[in-house]
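For reference, the structures are reproduced in the following blocks.
First chain A sits with chain B, and in the next complex the same chain sits with chain C.
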Partner chain A sequence: MQKTYKKYFPVFALPTLIAFAIAFLVPFLMGIYLSFCKFTTVTNAKWVGIANYTRAFSNRDFPSALWFTVKFTVVSVILINILAFLLALLLTRKVKGTNVFRTIFFMPNLIGGIVLGYIWQLIINSVLLATVGADITSRAGYGFWGLVVLMCWQMIGYMMIIYIAGIQNVAPELIEAAQIDGATGWQVLTKVTIPMVMPSVTICLFLTISNSFKLFDQNLSLTAGLPGKQTQMMALDIFNTFYGRNGWEGVGQAKAVIFFVIVGIITFTQLWLTRRKEVEG
Partner chain B sequence: MAKKQSGNTILFLFLLLLSAVFLAPILMVLMNSFKGKLYISDAPFQLPSAVSFAGLGNYAQGVEKSGFFSAFGYSLFITVFSVAAIVLLTSMTGWWLTRVKGRFTGGLYYLFVFSMVVPFQMVMFTMSKLANMLYLDNPAGMVVLYVGFGAGLSVFMFCGFVKSIPIDIEEAAMIDGCNPIQTFFRVVFPIMKPTAITVAILNTMWIWNDYLLPYLVIGSDYKTIPVAVQYLRGGYGSVDMGHMMAVLVLAIIPIIIFYIFCQKYIIEGVVAGAVKG
Partner chain C sequence: MKRLKKWTAVTMLIAVLACTLTACSKEKKPENGQQDTNQNDTAQNNSNTDNNQAANGKGRVYYLNFKPEVADVWEKIAAEYTKETGVPVKVVTAASGEYEKTLKSEMAKKEAPTLFHINGPVGYQTWKDYTMDLKDTNLYSWLNTPDLAISEDGGVFGVPFVVEGYGIIYNDDIMQKYFALTDKAVDITSVDQINNFATLKAVAEDMTAKKDQLGIKGVFASTSFSAGNDWRWQTHLMNLPMYYEFKESGNKNPDTIAFTYNENFKNIFDLYLNNSLTAPEALGSKSVDDSMGEFARGEAAMVQNGNWGWSEVQKAEGNTVKEENIKFLPIYIGVNGEEKQSICIGTENFLSVNSQASADDQKASIAFMEWVFSSDKGKEFVSKDLGFITPFTTFEDAEKPVDPLAREVDRYMKNTDLYTVTWDFTAFPSQEFKNMLGADLLSYAQGNLKWEELVKNTSQNWADEKEMSAQ
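Take a look at the complex of A and B:
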């Protein structure tokens, strides 16, 4: 059967592969090559070695964007996961209207980043104007916490439904057995429920880390990096290096390669670490 | 028992309050979309009054300035055709890759998985230039790009599902005289329907809301909704907040309608997608 299937490569795999090559594979390889070149369009590239990489660190933009991104990711990942897990615990307690609540909490996740950013700009600016008489671009701290709040609003419902699915998969007999053995509510939670939902934790950590770290749309629309470039995250810094400064395209590409390597390292370390903690259900 | 009952009531009220907090941002945009721009900055928390009420003026001008209806059309065209193409093509590829075992197919599979880890910034410049050179800088070309960039996750998900389909069914179909194309469309694809729905939902959410790819490739000629919203803002601070609020409301409405009708599939699809992805 394999042999017959194999002959059908042009029908089953070729169209996807062509699109994949155009949209991903060729641009990816070109991107790596171009990160070692000086260029303004892809056809006039001149090899310059690692000059782009050293120039990426020649001013403070990139390191400070990296630091801001790391801070933002740590804070928002912790907040989102704790709040989403608590919410999931509440919604698995058989309260009236669970489905309606779940629907409402999840809804913000469907709205796109650009639109979300402007919704929150209105709210945060209104609150700031009424309380301290400033707007979100007047201080980096406002932008930072604004982004965190926005991210929580968007992602809590999403993570919550993954945690709910995990909690509902815990066999009730396990919990009963623990209760018969005299475990308190807290012990049941920490010794039974949480270890059993570790697969969900893996997924949620993965999704929140990668979404926070790669954030672009929300950053662009909520603060656009203001004030100065103090609230500029890595993705936005790379974009601005590419399109904001003539002659810096190669540096933008070098930054993008560094960004890719960091994202790759984080993804694999994190998957490896949490997979080890999972227990067989 | 009475204690548990009152505990549940408190919990219910708490969740009700929390729902109000979650909905407040959207309601606030809705409320302000009916006010004149001066009143949005001066009294954002007040309901529209006789003085501040702007009727549908914001909507009329917001639609005109942002070209909302054509943006809606482009967004719809690109999303519908891209999602259809992704579901069709990647399900075929996922099935083929899983059934034909070898070094080549194994390598391809890992290449698709690998592409999921790569951030868009890594390829955005080269991809948009390449799209330009290949005359893909139009809504139909966008479909090709979305198939290519969405292939990673979608192929991965279909491969995962095909592994759970017993091969006997396909052998039986072959013996009954089906060629691989008939086997796939008559036997395999119907079984894959749940995964196809998940893939369709995840890609719809991504493509409808995507900003950077359409902005870079077709942003100046064909604006999708996110691009139109961002353009409306124009230079820093020059936007009429009234128009902005109206366009934001219009941008949210299709999503809410879609959500209301496909709610069950969306939540199930997202959970399934997360668990497998």
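Take a look at the complex of A and C:
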């Protein structure tokens, strides 16, 4: 039986493999190769060694974008996960209309990042103009918190759904047993529920960290890096490097490779750390 | 049956392997230092497939168009040409502001564009591996000022095909209303008498004081600064101080700048900001469309833009500006002798032919453009539908475009008393330089950056960017 399955492997898996190779593997390998080249079009490249990598750090754009991204990621990951978890707790109780609320909270996630960015730009600008008489481009702080608010609004609903699924999977017997043993509500939460939803925490942290790091659309449409380049995140910096200067395409590519390595290291460390905390039900 | 499936599977596997292998070999070739032969190979391949496709050796034309606003006109022209000659013409239009990006990805394809645009000497540096020498073409010989073309070492690599002008567009209806006021603070009686910065400033400031009487919300439309909408300042307005600096030094492509005329830049920029209908704090979210809309609705009397702005004004909702009332005024910045200054006329659209395309395709592409700019049918398309003012001698006066701003450009071009401000911004070191200047100008407008800082940053950025682009 097993053997017959194996025989059919190419038939079923090939379409996906082809798509994966064309849309991911080939561009990815080409991208790494191109980061060592000087080129205008991707099919006509000249090998220049590590020059692109040294030039990536020749001005402070890249480090400052990295620092801004790290700050943003820390703040938004904490906020999103705490708020999403609280909402999930709230909406797993027997309250009337939970399904309606779940749907409403999930909806922002269905709107594209560019559109969201422009909508929030309008909202934030009119609030700021009415209160302090400036718009989001006038101070880096406004842009930072604007991005955090936008990201929270978009991601909380999604994470909430994942947490709800996790919380609903916690066996009621466990909670009942804890309550019979005299555990308080807080103890049930920290000693039973949270350890049991660790798989959800793992996936939520992974999604929020990687999405915050890779944030591009929202950054482009909300602030576009203004004022100056102070609210420019890494993905936007890579984009601007690639298209902003003649002959800097390779440098943008080199930055992208560095970016990939950083995101990879951080997310894998996180996965490894939180996986260890998962317990069997 | 079983056997058949097996064979399908094997074939597919081979197909995948073949795909990956070709990708690898393509990547490796340049490593072995065989880049040139590689290029020749691809060119050869191209011509082979073309011959198979066209089967008549006529070649094919693939034009990557720069102007989205005339995309459908080019399609029409292409269809007409194909009908007449049988040569297939493909037109692709890049989205606004996306030309370089589109060109970069299209050029990487096997069926690359045969006709494309470079935006000046800086664009030529990027694309010089792809531009063919056009010295011996009719297109070049038809230029009324051959100096406009992009040439290096005796070769001509970019031919301008459209001339554009920009300045301060004003609504003559509002201006006449102002000059009819009895309590106006200036002695002059018509816009024609505004011929230097001091007069412009006096008029603008007096108009601001009397804006309720004039029924306007501000003299100048919003100084738009939202992302991608700051080119009117960081490119077009910046052109004026640079023009005068280059004129003084005689060097049109310097490695460093002194920014001697920064005070003049500040003059005009402050004038725009202080007499605008939008408070400087709110400029960060205004777009060019917003500004043109304000002007079209008669909320502002003046807006800095070029002759391409007419279609936008015409199409704007609630447009109150009549065709005969829309005119150009030169941008005065307070330089000695500017009474003789005209509007800024030039081009950043240079036509180039892909040097890596096959000879047939190159010939077909040149023939196509020559047809567009010299045949009766082509010329009609150019002047009526495209609305281009061309720099070619093949066009008679009667064949020039009819829109009011294009006619204004033509009027200024003919006025030999005035000196034209050329488009020297094509020598600006990089897009990055312009973006940084735009960001600084916005910070200055918002009161978060001192002018001296801006001047310092700009000179520094110029030098840095020149050096970085030269690497």
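Note that the second predicted complex is superposed on the first by the 260 of 281 C-alpha atoms of A that agree within 3 Å, B and C clash if a C-alpha of one lies under 4 Å from a C-alpha of the other, contacts with A are read in each partner's own complex, and residues count from 1 in each chain.
What we mean here is this: contacts are C-beta pairs under 8 Å (C-beta built on N, C-alpha and C of every residue); 3 or more make two chains touch, one makes a residue touch a chain.
Small disclaimer: the values here were computed from a predicted structure and weren't measured.
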Touching partner for A:153 - first (chain B), second (chain C), both, neither: first
Which of chain B and chain C A:22 touches, first, second, both or neither: both
Chain B versus chain C as contact partner of A:5, first or second or both or neither: first
Partner chain in contact with A:41 - chain B first, chain C second, else both or neither: both
Chain B or chain C, by number of chain A residues touched: B
First (chain B), second (chain C), both or neither touched by A:106: first
Partner chain(s) touched by A:119 [first = chain B, second = chain C, both, neither]: first
Contacts on chain A seen with chain B and repeated with chain C across the two complexes: 8, 11, 17-18, 21-22, 25-26, 30, 41-42, 122, 129, 220-221, 224, 226, 249
Residue ranges of chain B in contact with chain A within the complex: 8, 11-12, 14-15, 18-19, 22-23, 25-26, 28-29, 32, 40-41, 44-45, 89-90, 92-93, 95-97, 99-101, 108, 111-112, 115, 117-127, 129-131, 134, 136, 144-149, 151-152, 155, 167, 170-171, 174, 179-181, 184, 205, 208-212, 225-226, 229-230, 233, 236, 241, 244-245, 248, 251-252, 255-256, 258-259, 263, 266-267, 270-271, 274-275, 277
Residues of chain A defined as touching chain B within the complex: 1-2, 4-6, 8-9, 11-13, 15-28, 30-31, 34, 41-42, 87, 90-91, 93, 95-97, 100-115, 118-120, 122-123, 126, 129-130, 153, 157-158, 161-162, 165, 199, 203-204, 207, 214, 216-217, 220-221, 224, 226, 234-235, 238-239, 242, 249, 252-253, 256-257, 259-260, 263-264, 267
Residue ranges of chain C touching chain A (in the complex, touch as defined): 5-6, 8-10, 12-13, 15-16, 19-20, 23, 26-27, 30-31, 35, 39, 42, 100-101, 104-105, 107-108, 122, 125-127, 129-130, 225-228, 279, 281-285, 430-432, 435-436, 439-440, 442-443, 446, 448, 464-465, 468-469, 471
Residues of chain A that touch chain C when the two form their complex: 7-8, 10-11, 14, 17-18, 21-22, 25-26, 29-30, 33, 37, 40-47, 55, 58-59, 121-122, 125, 129, 133-139, 220-221, 224-229, 240, 243-249
